[in-house]
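Have a look at the structure below before the remarks.
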Amino acid sequence: MVPLSWYITVSAALFSLGLFGMMTRRNAIALLMSIELMLNAANINLVAFSSYLRGPALTGQIFALFVITLAAAEAAVGIAIVINVYRAVRHINADDVNLMKW
Amino acid sequence: MGNQIAFIVIAAVTIIAAACVVIIPNILRSALFLAFSFLGVAALYILLNAEFLAAMQVLIYVGAITVLIMFAIVLTQQLMGAKIKQSSRAWWIGAPVAVLAFLLFTTSFVTPFKHPTSGTAVSIASAPAVPKDFYAENEQARASEGTTPKIAEMLLRPYVLPFELASLILLAALVGAIVIAKEENE
Amino acid sequence: MHLAWLIPILPLAAFLVIIFFGQNLKERSPYVGIAAIAGSFLVSCYAAVTWLAGHGKTGDFICNWAPYGSDMIRVGFSVDALTIMMLFVVTVVSMMVQIFSVGYMHGDKRFPRFFAYLSLFTCAMLSLVIANTLLLMYVSWELVGLTSYLLIGFWFEKPEAMRAAKKAFLVTRVGDVGFFLGLLLLYANVGSLELSKIFEHHTLIAMAAKEVSIPAIGAIAAIILGIFSYGFAAAALKGAKRLPIAIIAGVAVFAIVFALMHSLSVSLSIAAIAALLLFWGAMGKSAQFPLHVWLPDAMEGPTPVSALIHAATMVAAGVYLVARMYPVFHIDQRALMVVAAIGAFTALFAATMGLVMNDIKKVLAYSTISQLGYMMMALGVGGYTAGMFHLMTHAYFKANLFLGSGSVIHGTGTQDMRQMGGLRKKMPWTFLTFAIGTLALAGFPGFAGFFSKDEILLTAYHWEYGKIIFYAGLAGAFMTAFYMTRLVAMTFLGKPRDPSIHAHESWKVMLIPLFILAFLSIAAGYIGIPGHSIFGHYINPEVIGIEGMVEHHFSLVVMLLGTLAGIVGIGIASLIWIWPVLKFDWLKPSFGWVQTIVENKYYMDEINDIVVIKPLMFVNNAMYAFDRWVIDYAIVNGVGWFTLILSRFWSVFDKYVVDGLVNLVAETSKIGGRVLKFTQTGIVQQYAAITVICVILLSWYFLILR
Amino acid sequence: MDLSQLIKDSTAMICVAPVLMLTVAGLLVLMFGVIADRFPKGKLNHWMPPEYLSIAVMVPMVIFGFAALRSAILRPETLRLFPVGGQPGSPLPAYLIQFDPLAMFLSLAAIIGTLVVVVMSLEYFGDHNQRNRGEYFALLIFATVAAILLACSTDLLMIYLSIEFLSLASYVLAAYWKDDPKSSEAGMKYFLFGALSSALMLYGMSMLYGLTNTTNLAQIASTLASGQALSTPAALTAVILVLAGIGYKLALVPFHMWAPDTYEGAPTPITAWLSVASKAAGLAVAARFLLTAVPMRSDVDWYTIILVLSAVSMTLGNMVAITQKNIKRMLAYSSIAQVGYMLIGLLAAAASHNNPANFGLAGLLIYAASYLFMNLGAFAVVIAVERKTGSSDLAAYVGLMKRSPFLAASMVVFFLSLAGMPPTAGFLGKLYVFAGAIQTGQKDLLILAIIAVANSVISVYYYFNVVRLMFMNEGEAKSPIGLSKPLRATIILMLILTFAICLAAGPVVSLAKASVIL
Amino acid sequence: MSSWILTLITFIPLAGALLLMFIPKERPNTIKWFAIVVSFVPLVLSVIMWLNYKTGAAQFPHGIQFEVNLPWISQLGVNYRMGVDGVSVPMIFLTTLLVPICLIYSLIIETRPKEYFWLFLVLETGMLGTFSALDFFLFYVFWELTLVPMYFLIGIWGGPRREYAAIKFFLYTLVGSVAMLLAILALYFATPAPHTFDMMAMAKAGMDGRFTTLGASLVFWALFLGFAVKVPVWPFHTWLPDAHVEAPTAGSVILAGVLLKMGTYGFLRIILPIMPESSQRFWMPLAILALISIIYGALVAMAQKDLKKLIAYSSVNHMGYTMLGIAAAVAPGVLLNDRATALNGAQMQMFAHGIITGALFLLVGVVYERAHTRDLDSFGGLGARVPVFAGLFTLACFASLGLPGMAGFIGEFFVFRGAFPASILITALATIGIVVTAAYLLWTVQRVLLGPLNPKYEKMPDIDVREKLCVAPLIFFMLLFGIWPKLLLDILNTASLAIGAMFK
């Protein structure tokens, strides 16, 4: 059988990769993708716990389900915003979008 | 044992794909890798006996979100290709931070679960070594019959509020996305 | 005697009337002042009569002045023999001076204000005199200081005048601090400032019994002496010739300092401390060494002011204070010894300087200092009656002298005696009165000064601690006579030295006061004839409750010695200045060294220099240098400079350190803001990085480090 | 409580009324707006513009909010809804949401804030952006629903959903002014940062779930307390991650990075809304999560973390605010600082182990209420100036006293209140939170209070820098600034409330004291 | 009437200010005269109050008269409690006296008169409220209320560095008041439950020794900071020169005349009664700080070239005497009468400094308007040109240096008299201040009035009627209370006895 810790390790790796992407990618959509990775990492955790935890409740899976749903909504809104930015400045490099700073 | 091998393979695919997502310069390709990564996660769900979630993962993440992202990329990438350097420009800060984060998560989260059943939970600080009886030790606890009916029942009984709320959220997101994204035709 | 309060109030009313209606009164304003002072004089007479009739019992005027806690400070006026004496002195001299001023100040653009100030001064002085509480005395004391300031600086356009005014006020204020502290000490120990309470026998005994040791006095003395030696060094640097002397003196002083620091731990009774503090105040007002420096400068004021304030009344207030507080001084003889020592020293010290002055008013000023020292000396050796008697006679003849000098100045337009000479003919009346004053001051038999000086010498002679004071007194008498003769000779006798000066006799309005005062300069002495002293009958220690003081009987020896000192002084001076050639010629065959001088046929300045002045000159110059450099330069100016430098330093300190700290905080937050805001780069990836780093650091910190 | 029981219980119905009615109202406004936009010649828009409709629906909501708060206070037991199993075998019942006084109080704040923001939007948009206003107001109302739900959530799932709901609506609203690139940028930054934060929070939640086998806050607490949790250090890391999400809502350092940019770029009414309503919900969830899920424990030492973050927050916020050139940005930093003050109340409550006699939590509520009015007032002035000058730079405020004495004077009052000077609302808020801190008698809280008062002195510096510009710099003669009636009424109302909360503090204090139950 | 007179006195200026808002700003004269008339009402009322105040021995909490006590924020233990005792009656009188004078003096204000007079009236309410509040919450509200108008008065109508001075004043004082706020809260929780902000209750708790624990010294120093900044005690004084120099004349008068008194008033009303033990424990540091203030203030004043700055530093010096009196009054082992004397002195000094420095600032304003400079070295010989001004200025200077016969002396005398039993050394050292004070004031008089007339000022007009009208009452009172201090001391002594009786 697969130990629970393996899942958590994978999840942690995925999450860290997402963080890495969040800090290093320039393109706003790439940032969005990094976020999706992080959400997936959390979902792996939830589902894994849901499976390994004793008891009838499948709270983790339910939670993960909602996360998936919200991820979709988030992606939709995020992309709409990114397109909006694109319309204004004709690119979507997040680090060049800094009219406001300091 | 077979499970473990399968897990290692799937995990490797997922992580490598994810790494590609955040590393390779071409954004369209990284979107493709994202789909692979999502699929890997779905496979992990199956390993965890969460078939319904796996289905949802494929449908929504791979089927909807990735496609949406690709559309957006195509829409915004007039200068298609790798002309603009897409790669990380602050990798020197991102990489160590990500490594630190990984170390943090593994030390604080993974360590306690290394031997969840043995009662010798190891944690870096002075956590009490109390047997955690709510962790099941084998797979039979994960219901042999599918989880889907149970999820359905939970969603419509106790979790009806989040369920309805989710619909409202989707509505709001929809409206918002449309309002933001649509061209003003005046 | 419930009218006593009128005495100071009348001049006050005059002051108010003149200050507010001076513009309308103009030339008539003196009449208001003179009328008021005349009124005061009459009330004083009335008070004297009632007091005599009541055999020393008068009702005091007392009112509640200020509550504190469950008690009340009461102030009021009371009349006794001493006050009556002072009242007469003040009212008479003040009246004379005001009359004189009508002429002297004629044509001044602030004519009315002069009389307003004089009235205010008179008010303050009178209330000082008849106050029944130390507090009211202090109040009046300060007010006379104020009016002195205003009057010295009356011609404030003159920079010297305004500086002199300031100096006078400040130096006396230094003394006032002593008075104030003494007052507080008495208050703390007696619980009241009313004189009658202070003089209660058991209170005095208790204060005399309580001994307090003052450990820091050695250090304080060291500091003071250090400043003195600094003055020596400064003086030496100016006149390089005296450098070795200065060095020797400095070394000596430091030796003394070390000795003091290691040996002195003074233990004094409360009474003595209080007395000495009061005496400190008196030293300021009465220009005792070393606080005398203001008085010569104060001569920048109009001459009538010098006569009234800086000769007859205000400067005598210090002496009066000591006399008034005599029970406190007397209860611990150590205090009186200090008074005697300082008085004697001042008397000699000032007299030596009087010898060399060429400014007529300066000579008189030094003479005043010297005489005040004389009075202090008298009080110090137990001559309560003598001191007071001399105060009174001195007031009259010194006022006379000053007004006379005023007349001279008015007539000649200069104060420099070297430009005068031969005024006897042009100003005969002035000369006459002046001569009377001089003789009185010189202690010439038959004149007022003779009696009072005699009394002082008598007491000093019988002083139980030695004869040194007596000899100092004799020396003082000699020198006084000497320089006064010189003054008269240079001013009135001989021939006019400056043809450009066309002297004229003064108006009658100025002469009349001179006559009256000249009369008093003779007559005042006769109320104190030894053995039949009316003065001594009413003003003596027993009256103020001091028992066991021996009344010294008339002593012919002392009288002769005293008289001799005066006459010898006059004689020698006359020989030098009045009939110089004759006398020295006559002496030539007998005294070879004198002959050489005579052969030189020099003017008296030369003789002055070689025969008489030279030996004295060294002492004089040293003294004067000391006066100018050590006291004036080092102490007054030095303290002034030091405070200035110190205050500049504090100002800078304030600006950069205290304020700087505050600004530092402000700047830190501003700079902090400026630095911190650069985390806000506007780049969302960096935001993410910062946030994630913070999360990780927080977690690590709390997981591992704690 | 079961849903069937709910219908029979009238006080319970009153409690849930605001959230239900708001949802309905939101849908109504949305539909109306969509229809009106397509109605011929905009007649419907003319006859009944969506903003007026929104005002019309929001005014009763305030009343509902009050009623809900009142009934929540008066109810003998807290209304809990939607039971879920939660932890197997746990004696504690697990509910998804509960309508307790604390939540209702902050919900009411959010509702009032929304109403005022709706009125301000009326002025702000004016003739601009004729279309899509129905959606704008609908989203605003939905966001309020999310805020209320967030305040009521007692389950990690509900917290996550509500925060996401709130965030999604806020992202859209922040980017709403499409003509303005700044607005788009604000939206994007808000979105990206928000998504990161919610991902962090979600990750933390997943770990909490894994460690305790429940998502219910009370059960988490009992599990952690019983020592059954596998690892409390892990729990601490998880809590820190959850704090990232909550801190993001509160704009707490170091999760504040979005705030200045978003505040500056977003449409000003939305900025105002974010700073008050969104923050009120954030406060509610912070209080609930920290006080009920992980009550004061030495091993899950969030107390120290919040203590440090609170101090850093106010210091950084105030210091950086000094250098700002844009008033919205300055107010953003100011709001970062204000959160620091508010958290003192939370810390005091935690340090006193939720003792209702402690002033801390009541202080937090009073502070939130005060902040609501003073900050909205300040933003109303900002809007008025922005309408006329088209700028929110500090330069636009030079000589405001000449151009509009009313606006300038009002701004002084709001700034005084923000700085915590009596006799304004901000003073009462500060007094209360500091009182809470001092009441505990703990040294660390005392030091925090000292830092806080020092900071409030710093804050005066930049607030009065604006005052200086308004009053002491004459500037060249400029035209007066007119003011529409609704905005003037809003400002006057805010002024009255700002004074009233201090001068007639009784009702607010009573309400807040009664509302500390969570 | 008797219980509402305080409320009337306090709020009539505020009501006037509100009414003032309805006068159009195009009619400046109406505004000015309206404000002046309004400001006379509290003056009349405060005189009535003074005359009706019953003096006599009283225990501390019972010396309060004209009391009104209504519940305000009962949930918090806040009451609307106002009342006066011997400490506050003269202060209220001083305030109501100075404000009309300032307003009359300010008739010449040309720029933005409406705001100016409005702010002045609001400021008056703040000051009066501070002196009459008996509830700490109320006190704090009024205390802070004075800050803002003064900020504007300095910042808008001040000198060249007005903005800096204004914000410095504001921030500096605010530091003190926020420290005080924390201390207030600590005291609040130390009162027996239900907690209250009532000062009298706190004082009672203080007498019961409830404030000996709970870091009482910390609370004491926090309160100290709050009041010391206002006084200002060295080293918290550096805001003062800036604020005084830059403020408009009337602002300086109020600042020196009233606002500084709020600091020492705080000591008398709050620190001493509420924290007697701590006060007694820390009397020596207080006395030493007072001593430093005295000497330091005098020395620094001497170094000044700017006339206003000089007077500003002289305030540090003079308020030092007040502080010395307060410190000495709580020294252990001193007789009650000595304590009362020290307190009498401190209070007298407060009042005297208020009128004397007020007069000095007015006179500086007079000369500044004519010469457009305050540089001491640029004057000279004005005495010949403007004799009336010279007389008044000299008089005020002498009053300031503590010349007997004027109010300043009474204060100093009583302070020294009271401090003497407490510490002879400190008293003796403080007398240095007397001499230096005399030195710098005389030097000032010399540099401004004496000597040859600077030809620049040959045409300088003498003080006019309006200015005379402003200075005359102050001169009158400094003479009146200097010659006949019982008028004032009767009422002060009542309070002094009551406060002094709390110490052993």
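A, B, C, D and E are the chain letters, set down in written order, and residue numbers restart from 1 in every chain.
Following the convention adopted for this analysis, a residue touches a chain if its C-beta (ideal position, glycine included) is under 8 Å from a C-beta of that chain, and two chains touch if they have at least 3 such contacts.
None of the values given here were measured: they were computed from a predicted structure.
J.: Give me the set of chains touching chain A intersected with the set touching chain E.
T.: C, D
J.: Keeping to the contact definition above, tell me which chains border both chain D and chain E.
T.: Under the touch definition, chain D and chain E have C as mutual neighbours.
J.: From the centre of chain B, which other chain's Cα mean sits the farthest off?
T.: Computed centres place C farthest from chain B.
J.: Given the contact rule stated at the top, which pair of chains has the most C-beta pairs in contact?
T.: A-B
J.: Tell me, please, which chain's centre (mean of its C-alpha atoms) is farthest from the centre of chain D?
T.: Measuring from the centre of chain D, the most distant chain centre belongs to C.
J.: Suppose each chain is reduced to the average of its Cα coordinates; what separation in Å results between chain A and chain D?
T.: 26
J.: Please work out the Cα centroid separation of chain B and chain C, and write it as a whole number of Å.
T.: So the centre of chain B lies 101 Å away from the centre of chain C.
J.: Quick check: how many Å separate the C-alpha centres of chain B and chain D?
T.: The computed centroid separation for chain B versus chain D comes out at 31 Å.
J.: Centroid of chain A to centroid of chain C, CA atoms only: how many Å?
T.: A distance of 96 Å separates the two centres.
J.: Could you say which residues in chain C touch two or more other chains, in rising order?
T.: 666, 677, 680, 682, 684-686, 688-689, 692, 699, 703
J.: Touching at least two other chains at once: which residues of chain A meet that condition?
T.: In chain A, 8, 11, 15, 18-19, 22-26, 31-32, 43, 48, 53-57, 62, 66, 70, 73-74, 77, 80-82, 84, 87, 94-95, 97-102 touch at least two other chains.
J.: Residue numbers in chain D touching 2 or more other chains?
T.: 84-85, 87-88, 157, 161, 164, 168, 171-172, 175, 178, 187-189, 192, 196, 200, 207, 210, 213, 233, 236-237, 260-261, 323, 461
J.: If you go through all the chains, which pairs of them touch?
T.: A-B, A-C, A-D, B-C, B-D, C-D, C-E, D-E
J.: Of all residues in chain C, which touch chain A in the complex?
T.: The touching residues are 677-678, 680-686, 688-689, 692.
J.: Quick one: in the complex, what on chain D touches chain A?
T.: Counting only chain D, the residues touching chain A are 84-89, 156-157, 160-161, 164, 168, 171-172, 175, 178, 181-182, 184-189, 191-192, 195-196, 199-200, 202-203, 205-207, 209-210, 213-215, 260-261, 264-265, 323, 329.
J.: Quick one: which bits of chain A touch chain B in the complex? Just the residue numbers, please.
T.: So the residues of chain A touching chain B come out as 1-21, 23-27, 29-30, 32-34, 36-37, 40, 43-44, 47-48, 50-58, 61-62, 64-66, 68-77, 79-84, 86-87, 91-93, 95.
J.: Across the complex, what residues on chain B touch chain D?
T.: Spelled out, the residues of chain B in touch with chain D are 104-105, 108-109, 111-113, 116, 121, 123-125, 127-128, 130, 132-135, 158-162, 165-166, 168-169, 172-173, 175-180, 184, 186.
J.: Tell me, which parts of chain E touch chain D in their complex?
T.: 72-76, 78, 115, 140-141, 144-145, 147-148, 151-152, 155-156, 162-163, 166-167, 170-171, 174-175, 178-179, 181-182, 185-186, 188-189, 214
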